[in-house]
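Paired with chain B in one complex and with chain C in the other, chain A is shared by the two complexes that follow.
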Partner chain A sequence: MVVPRFWRERRSRYSLIGTKCPVCGTVYFPPRSVCPKCGRKSVGKMEEVQLSGKGKVYSYTIVHQNVIGYKYQKPYVMAIIETPEGPKLTGQIVDVEPEKVHIGMPVHAVFRRIAEDGKAGIIQYGYKFVPDEE
Partner chain B sequence: MRDVAIIGAGETKYGEHWEKSLRDLAVEAGLKALEDAGIGAQDIQAIFGGNMSAGSFVGQDHVGALIADFAGLAEHKVPAIRVESACASGAAALHSGYMAVASGLYDIVLVGGVEKMTDLQGDMVTDILAGAADREWEVFFGATFPALGAMMARRYMYEYGLTKEQMALLPVIAHKHGAMNPDAHFQREVTVDQVINAPMVADPLTIMNCSPVSDGGAAVVLASADIARKYTDSPIKISASVAANDYLSLHERESLTRSPSTIEAGKKAYKMAKKEPKDIDLVEIHDAFSIIALLGIEDLGFAKKGEGIKLAEEGQLYYDGDLPYNVSGGLKAKGHPVGATGVGQVVEIVKQLRNEAGKRQVPNARVGLAHNVGGTMTSSIVHILEVM
Partner chain C sequence: MVGIVTYGSYIPLYRIKTAEIARIWGDDPEHPEKGLGIKSKSVPAYDEDAATIAVEALRNALRRKNIPGEKIGAIFVGSESHPYAVKPTASLIAEVVGAYKAHAADLEFACKAGTAAMQNVYAMVKAGMVDYGVAIGTDTSQGQPGDALDYSASAGGTAYIIGKDEVIAEINHTVSFVTDTPDFWRREGQRYPSHGGRFTGEPAYFKHIITAAKMLMEKASTEPKDYNYVIFHQPNGKFPLRVGKRLGFTKEQIQQGLLTPYIGNTYSGATPTGLSAVLDVAKPGDRILAVSFGSGAGSDAFDITVTDEIEKLDRDAAPKVWDQINRAKYIDYAQYLKFRRMIVEVD
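Entry: the complex of A and B
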């Protein structure tokens, strides 16, 4: 893969930039150019919005597969995180014992290395989630 | 719109076919369907072929042309188009073929599905299958396809109290049926203990809650209903062919425990076929993961939300029960060569409705339903077939 593949997504992956429909107020992440609820009324009017990075675990799993680019992390926790702004995000939960993860657990987003494209390839960054301080 | 019937059906055995290539599998299935219909390749007016990812699995695109060529159709200049909708590619090809005949554009069409998956190592197959999800916003962050299925299962367990032991009943039933299907990838029975103690793929899904990586091909010949009896004494009518789509990413869904696309496709299919769930004599439901099958059973109207597993506990899902389920063995035991699966489900229903299914024959089967999904139940396609 070449750099632009990852570079073009940097604002959303590094800074959680999504979009808000000015017609119905729904927030979307990742960004969308049309609101699925409002259709053409929203076209050209979607506004950028930054998520707070806060959230709660909506569902999760512990991945035991060999996954290209991730195999040195296994087993790792994947989760769907519910944010207070509305959208749900898919990401890993780190800095936690997998057996302590539960639905409803409060977490927040952190900036981390996600994967690498072989030894000489691009190192890819983005968000992961860690548990809030107890 | 005119009525459409299936006049021939055939498939390869599903499994690890080290000796067979993509084209071998496709041509074998296609020729079996033509033989079954009693017609030659020159009678075919168009081909629609379901295939998810030959470009990634074996580096071959332009699959329609390849298959038509090696099926001997190049001399006849027959159009051949590949159709893709991830794991629902097979049903998507059937939907396309159905439209082509129903519209009156063609009278006889071959619909095929094929996937050659075992030419690559496991981690590469996992990565390709993940392409059915959102590569940039799910897969990039480490979500494999089983991980997404596992998050559906975890949420269902949280909302409805489902246990791993209960969920294991679905693969147990699928394997019981697969053991009676000589074309199934796995032809042995398994126990609940074997399912829950199998190696973990993505907690709570063990490898026995996941369909296998299989090679295989399946094909059916469609004809307009008014000429179908010229070719066969037992044409099977396609009473409904309905597709529906939802948000691509699992995290975009309001709920992880219901599939709006399956609900939509099911409702419209029942209406189109003038049938209700109680009229269905057997179902082939997409069980790529046990949890997807459970949602399918509920969202197609066979059980209330949260209560689908009761049908398994009560024994109703066996081939001699009230709702014979995945009598072929399903994706779990028959196998899941992704592009072939949706067509293969229909091949099984055709055999059942013609009373040709041998040991696993469902008594008095007149109406069957096939449910094929792509992604995390993102694309749902439902076909209802009945004896004419």
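Entry: the complex of A and C
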């Protein structure tokens, strides 16, 4: 794992900072420096915007064959979360029994450990999602 | 007036019953509840640590009242389970809330690092160095499997924002008492702490809490009956009741802030979270005494008066402590070992 790459993304990963095009109003996450719809008109004008962390499950899958580092969490749920601001975020849903996850389920972002570079490397923190209180 | 402007706590979802721990280690399943006064303890999920708990607690505080990052001048994080041995937790907190001009540092003093953080921030606000400061007590404490601490070492944390405007709870006085008493320790490089068994009681917990509480009440010219609520450090469910009785407090004064019977000892989070549970229900004019204890050993004591501002704070904007305690998912000992990374893998 390359430390600077993770460091560059820390604000969006920690605090869900995206960008908004002042021309058409579209919100992007991860942040974009140019709006693909408005092109040149948006250059240098993109505004930072913090997502609320709220959302609904757009789609999901239950992972039984884990990627490296996730053995202790399987089976785990990876989902696409539709946010009220517009962007769809990919993230893990935790503190839930996988069979209880369903499309449309309201969730909100929480701060968790995402990965770690072995026992001596850096710990990556960022957003995951948990179900809203019923 | 200097005091608490907003507050928030976080207790992980998972719990293990102490009877389940006793089952594994061949103890009487009723022993932990009868002997220690602990029914269950909180367990951090695999992807939680003292830093994630600190962030969630602080976010709960900010849900109740948002203080912009640029106004936060100090961040102290007290813990004995900081995720890194070298690399501060406080800088992560600063990044999360955008407090780039904050004086940020980590503290460690066994179970009293959280209240030490509160005292540091209180002092900086009172000195006029900062307008607002963040004090956090957070831990995912470690107990060696099979040790007495296996029944109590748990996870949780609380964040306070201390300032001088719109104060919901004024800190009238705070004092400390400290001696070099090695009742509990963890040497560099060791995974689990060691302790002096019964030595952790009389010369450590009781001596320091009683001395600090008496010093504080003398300074504040108060006596136990002047307080609506009292919070003592809670390494188990029995010590706080016993120390309260010896000081002249009733069970009713202690009950609201006594969480260990259900979530175990959250170490640096313990006294701050007990105080948070009291603030969840406190009314203007209520007087609160809070006394922490950290092995090694010392106590910080606070004399606090709840103000009219508490009615304006949106306390329902974040989950209250007892609601978080009651929202529990129980796991067995094997899952507990997995969550706490205590399974030794053989490849």
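The rule is short, and it goes like this: the second predicted complex is superposed on the first by the 133 of 134 C-alpha atoms of A that agree within 3 Å, B and C clash if a C-alpha of one lies under 4 Å from a C-alpha of the other, contacts with A are read in each partner's own complex, and residues count from 1 in each chain.
Criterion: contacts are C-beta pairs under 8 Å (C-beta built on N, C-alpha and C of every residue); 3 or more make two chains touch, one makes a residue touch a chain.
Computed from a predicted model, the values in this text were never measured in an experiment.
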Does the chain A-based superposition show chain B and chain C clashing or fitting?
-> fit
Touching A:Val23 in the superposition: chain B (first), chain C (second), both, neither?
-> neither
With the two structures laid over each other on chain A, which partner does A:Arg10 touch: chain B (first), chain C (second), both, or neither?
-> second
Could you tell me if A:Gly126 is touching chain B, chain C, both of them or neither one (first, second, both, neither)?
-> first
Name the chain, either chain B or chain C, that contacts more residues of chain A.
-> B
Check the residue A:Gln65 against both partner chains and state whether it touches chain B (first), chain C (second), both, or neither.
-> first
Using the touch definition from the top, say if A:Ile114 reaches chain B (first), chain C (second), both or neither.
-> both
Look at A:Val34 in the shared chain and tell me whether it touches chain B only, chain C only, both, or neither; answer first, second, both or neither.
-> neither
Does the superposition put A:Lys88 against chain B (first), chain C (second), both, or neither?
-> first
Could you grab the smallest C-alpha gap between chain B and chain C in the overlay, to the nearest Å?
-> 12
Taking the two structures together, which residues of chain A meet both chain B and chain C?
-> 73, 114, 128
Which bits of chain A are touching chain C when the two form their complex?
-> 10-11, 14-15, 72-73, 94-95, 110-114, 123, 125, 128, 133
Partner chain B, residues of chain A touching it in the complex = 9, 30, 36, 58-68, 70-71, 73, 76, 78-80, 87-92, 103, 114-115, 124, 126-128
Going by the contact rule at the top, pick out the chain B residues touching chain A in the complex.
-> 122-124, 126-127, 136-138, 140-144, 146-147, 150-152, 154-155, 158, 199-205, 247, 249-252, 256
In the complex, the residues of chain C that touch chain A are 13, 45-49, 51-52, 55-56, 59, 83-84, 92, 95-96, 98, 319, 327, 329, 338-339, 341
